[in-house]
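Shared between the two complexes below is chain A, which pairs with chain B and chain C, respectively.
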Partner chain A sequence: MNMKETWKKSGSILMTFLVAFLLLGFVSIVKPGYGSAANIKVLSISIAVLGLTALGQTLPILTGGMDLSIPWMFCIGGYLCAALTGGDNGKLLYAVPVVLFVGLLMGAFNGFGIAYVGIAPVIMTMASNIIFQGLLVGITEGTPGGSIPSGIKALASGGSGFVGWLFLFWLAVSVVAWLLLAKTSYGRKIYAVGNSETCALYSGIRVKLLKLSAYALCGMMAALAGMLYSGKVSQLYLGMGDTYQMASVSAVAIGGVSLVGGSGSYIGTMAGCFVIIILEGLLAAMNFSQGVQKIIYGIVLFLAVMISSRRKGAGNE
Partner chain B sequence: MADLELNHISKAFNGNYALSDVTLSCNRGEVHALLGENGAGKSTLLKVLAGAYHPDEGEIKVFGKTAVIKNPTDAMRYGIGCVYQELSFIPDLSVAENIFIGRIPKTKFGNFDYKKLRRMTLELFEKYDVDEIDPDAKAGMISLSQKQIMEILKILSKDPEIVILDEATSALAENRVQWLLRLARKLADAGKIVIFISHRMAEIKDGCDRITILRNGTYAGTLPVDENLDMDEVISMMLGRKMSSYFPEIEDCTREEVALELKNVTYGRALRGVNLKLHKGEVLGIGGLAGQGQAELLKALYGVYPTEGEILLNGKPIRIKSPKDAIQKGIGLVPEERGIQGLFLNLGIDFNISIPSIEKLTSGLLVSRRKEAELVEKYMNVLAVKAAGPQALARELSGGNQQKIVMAKILSCEPELLLMHDITRGVDVGTKKEMFGLVRTLAKEGKPVLFFSTDVEELVNVCDRVIVMRDGKVAASLKLKTLTKENIIGASIGADGKGGDTEDEKA
Partner chain C sequence: MKKRKDFKSFLSDQWVALVPYVMLLLIITLMGILNPNTLSLSYLANKCDSSFSLILVALGQTFVLLTGGFDLSVGGVICITNCLAAAHMQDQPGSILFWSILCILIGVGIGCFNGYVIEKTKLQPFIVTLATQSVCMGAALMILKVDGGAVPLSYITAMLTRFGPIPLSAVLLLLLILLWLYFKQTKIGMNIYAIGSSKKSANLNGIPVLKTMVTAYALSGAFAALSGLFRTAAVASGSPTAGGDFVMTSISAAVIGGTALTGGVGGMFGTIIGAFVLRYISDLLVFMQVSSYWSSLVQGVLLILAVALSAYGTVRRKRKEGIGS
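After this line comes the complex of A and B, so read on.
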């Protein structure tokens, strides 16, 4: 009985990966050159950037919340790294920990508002997104200071054959994330809180602290992703994180993580990232207008969320 | 064939049978009483009839036709009107508006015709002989008895063929109780069916024609109300069990050492200075009417609520800051609501049992699957859990097995002090017996148990000593000869002649 359910779950993740590769095959046929090593490498790097934000996003969503402030934590990550290093690779030694720590703090701010003050996650993170935007725009006056170190650029845009280095980096981080969620007591508690905060409390879990930590880790991942993204595109611009707001949520939803919390696996999120990036590539390759691309993208998200909430509904009865 | 038939109705919630194969049949011209203990399934049965719940099995026949009642609107179409135990009115609307809500007449200009509404209300009042309510008064401002009358009239104004009165008399003023009984008779004489629920035997004897008795969600029988009606028989049908075989032998293993001592513990208005001593190896029952601070006391000792006053655990003063803190200090709580506080219904048995001790099961950074499996297996065996396997989902288990999982989860933390909140609610008889046996075994091992139950019978038959709570204080402490049902109930309602807190007696 339970074997069947386990199979059903991993089966749907396998299906998601399959869909991604079918899409990729399809575009490669429709658009010659799409399947080239150089292009696949670029795709793999895009998947990795989305993957890092979606990794973060998985945590709040598993607890039954959501983080919509990823865009500007992402931006701050990129700007902060450039400002701290001024392009000097040597200074990365302290700049990277500072970026991660600032991301952690921004996330903790979200988590504090949500867990301790009791603000609804969507409201809290939307508001903090604007606050972070204001901070960044206010401090930088819109122009990036410093420049992106070559080390970051090499990591985030380099690669060999079909894969970018960043993709491998993401895979390594993902192993840690998967272990964290599936194999540690911390992961158990995340699922517990997402299933029932009341029961989690009675089971001796510090629910508020745990929720705060989920948002803090999400903020850290967003800042890290932003820093690496700036290396990928070799530039900094305000609003560079905007697309990751919905894309991170979509990746999690497509991957089969319930948007009301408590069920789903990080492997699913990874599959979701593949689907989204390849789908974006497909839409661009088909020469659809920006508007049509957004509509199709929106419909896919809508379907993913619908299926995700159905799944939870069936689970309850 | 009867005019109204509910045949073989079953309804389960999360695997707990609230109703199992229940049958009820009534005829026109009859006032039919439905009797049973709390939780016997009366309200569930009525909600099935009124369309609030959909039965899992069984059929409903209304006046010879099979009825599919999916919602209250369907029920109204079949002429079924239900006055619920929980009043549901809109406090800011007037009495007249509440009665005719959704059916307020309009003038030819399309606005509400309040003159006509008032007239309709007064006509309704006159028809049913009601004169103490002002139709224009805000519903929130009138007395409880008047609110109940308003609700009754609201249903009657729709001219139902089947009138259900769910504990409608409990909120009524004394003269209105007689009025309702007469009204029920009048409706029956006019060829309607009245289904009447009440806990007051006298009302049933005076006003009803037949009684159907439910017990633990099953049909226990139907009796005619006549001079031969034996009330003792009715009560034994309601309870339907031989107590002696069902409760454990009590062997008093209370020890000298005091495990838990409370000195003037207060929390808001719920706890107003609780003093008690709980000894090692003692099962101390907590009784009293509902809402006298018993639930708050257990939660406070589990760190859910902050308290003032002194709590001494094994002689040392402690503060319990959170459930996590409580577990670390060796306190375990079997909480009130199994499905909400006790279990993750959508997760497996293994997850549920291991979650409070998950940190102890971690070797290095990762949870040890082997240690976890051993722990889960051990406690599933201790409690004789019946399930497909350790990964079976909690929601798929019966109520009794769910309660065993909660128990297993708490025991797996190896607590030194156990707090139990109504551990036999919605649990089958067999499991109850096992639970009581387990409680006594824990006591024998020297563990102190604080055992709160709403069932007086349980308190008398499981505990070494019982304290009765009233108004957030300990009102009485009963042991040995004084530990009787009568004394517990007496102390609950303050009929023992004692008031306020009693000095905790020395054991």
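After this line comes the complex of A and C, so read on.
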């Protein structure tokens, strides 16, 4: 019984991984050269950047909320690192902790509004996204300076063979995140809050603080991802995080994490990241027009979420 | 004597419902002080015209929010209808009528699909409508690759008609309010509120959940299509991407107006006021000479303040009624 349930649970995640690799196999056959080591390495790095934002996004979604402010926390992470270091590797020593801390603070701001004031997560994070945008653009008067240190560039764009270093870094962070969610009491509490806030409250969980921490961690991951992304593309631009707003939510949803909260696994989110990046790569490689790309993206997103949530639907009946 | 007491208890219970109205009044007063021209009839008429697209899409969004859902696809519907109208409409009454009706039907169709799929598959509205939005925006890009298109002049003049100082949009707005007052009393209107309050109880009480959900999403699609049609006239061009801005603003307008994202609470009046508040705030920032670098920060802060007030009110109301913790 238990065995069967575990299989059922991981079955849909395996399916999602399978979909991703089928897509990759398909495009490698249709487009010779797409499966080259250099190209796969680039894909793996993109997966890692999305993976870091989706890791953050998983936490608020598990508590039953959502974080739409990832784009500008992402941007601020990138710009802050560039401004603090000015391209100097030595200064990374204190710049990285500062970036992570600022991310944590921005996330905590979201968490405070949601948990303590009682604002709906979608609205709160949407508004704070605008606020963070205003802060960055306002303080820098629209022309942020600084340059990206070579250490970040090397980590974020380098690699060997098929994998980028960043991908390995993401895997390492993911192991920590998975352990945190699946094996610690903190993780259990996150799921408990997502399942029923009232029950969690009566079980002695400090619901508000827990929610705040989930958003804070999400902010930290977004800032970290932004810093690394700037190294990946070796440049900074306003709005560089915009695509990660919906992509991170989609990755989590494709991975079978319920958007109502309380159920789903981080491994699923990882599978979702594979599907999204490989799909985007496929659509770009096939030279479809932008319109067709968006249509196919929408259809695949819908189908993928259908497949991954079938287990849950069957369980509810 | 009794009446006065009623009024007092009304104030203490329902003051939250008045927040958006007070907010709008404050903003208009402030703008009137900063620049008396903004109180003139012609300015108000222009404001009504420029806010009307947002009002329409936010009204549609309200129906869906009332059921406890979300409709992100409104942005896609606006893009499609905007592009269709700008790309194909000819300067003949027949053509204008044909394309307008076709656009509305497309909106209704997309809405029906959303509602049906969400209710049948039990998937989250957020993700389903996100997928349909992507498809719609893709379709819009196939109709019109870049901003542009030719909008027939007679269509623009018809949509922006003035009856003396009163714009057509104000007349339509009044008509919509009357329709809403009727709709609220109808069975389907009440069912929407009931489902938003508790889907389970609604289902147990024999309310046709599927039909009501499909209706709510179809209304949202139809209003988004109307919004796209009106936008075509207001900006006299088509854009395959501009609709995206309306998704979050439409939800904000409804929420500022007191509609709860959890469903079952809110209504049309608040949403209309909320839409005006949003549109006036951006004007206010211009008149207050806030540097454009900072304007998005101020907008975000105001949005949070407005929502925090109504969130505080909801918590209070719940406590009074004994719902919640």
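Brief remarks follow.
Simple rule for what comes next: the second predicted complex is superposed on the first by the 299 of 317 C-alpha atoms of A that agree within 3 Å, B and C clash if a C-alpha of one lies under 4 Å from a C-alpha of the other, contacts with A are read in each partner's own complex, and residues count from 1 in each chain.
Note that a contact is a pair of C-beta atoms (placed from the backbone, for glycine too) under 8 Å apart; a residue touches a chain by one contact, two chains touch by 3 or more.
This one's a predicted model, so the numbers in the text were calculated from it and none came from an experiment.
Of the two partner chains placed by the overlay, only chain C lies in contact with A:M246; chain B stays clear of it. When the two complexes are overlaid on their common chain A, residue A:I119 makes contact with chain C while staying clear of chain B.
By the touch criterion defined above, A:V305 lies against chain C but remains apart from chain B after alignment on the C-alpha atoms of chain A. Within the superposed three-chain model, A:A37 lies out of touch with both chain B and chain C [touch as defined at top].
Of the two partner chains placed by superposition, only chain B is touched by A:S196; chain C is not. In the overlay built on the shared chain, the residue A:L259 is in contact with chain C alone; chain B does not reach it.
Touch counts on chain A: comparing chain C and chain B, the chain ahead is C. By the touch criterion defined above, A:L135 lies against chain C but remains apart from chain B after alignment on the C-alpha atoms of chain A. In the superposition on chain A, the residues of chain A contacted by chain B and by chain C overlap at 198, 201, 316. Those residues of chain A lying in contact with chain B across their complex are 1-2, 179, 183-185, 188-189, 191-192, 195-196, 198-206, 262-263, 315-316.
Contacts from chain B toward chain A in the complex involve residues 302, 304, 322-324, 326-328, 333, 335, 340-348, 351, 354-356, 358-359, 361-362, 365-367, 388-389, 391-393, 409, 413. For chain C in complex with chain A, the touching residues are 70, 121-124, 126-128, 130-142, 145, 240, 248, 251-252, 255, 260-262, 291, 293-301, 303-304, 307-308, 311-312, 314-315, 325. Note for the complex: chain A touches chain C at residues 66, 113, 117-120, 122-124, 126-131, 133-135, 137-138, 141-142, 198, 201, 246, 249-250, 253, 258-260, 289-299, 301-302, 305-306, 309, 313, 316.
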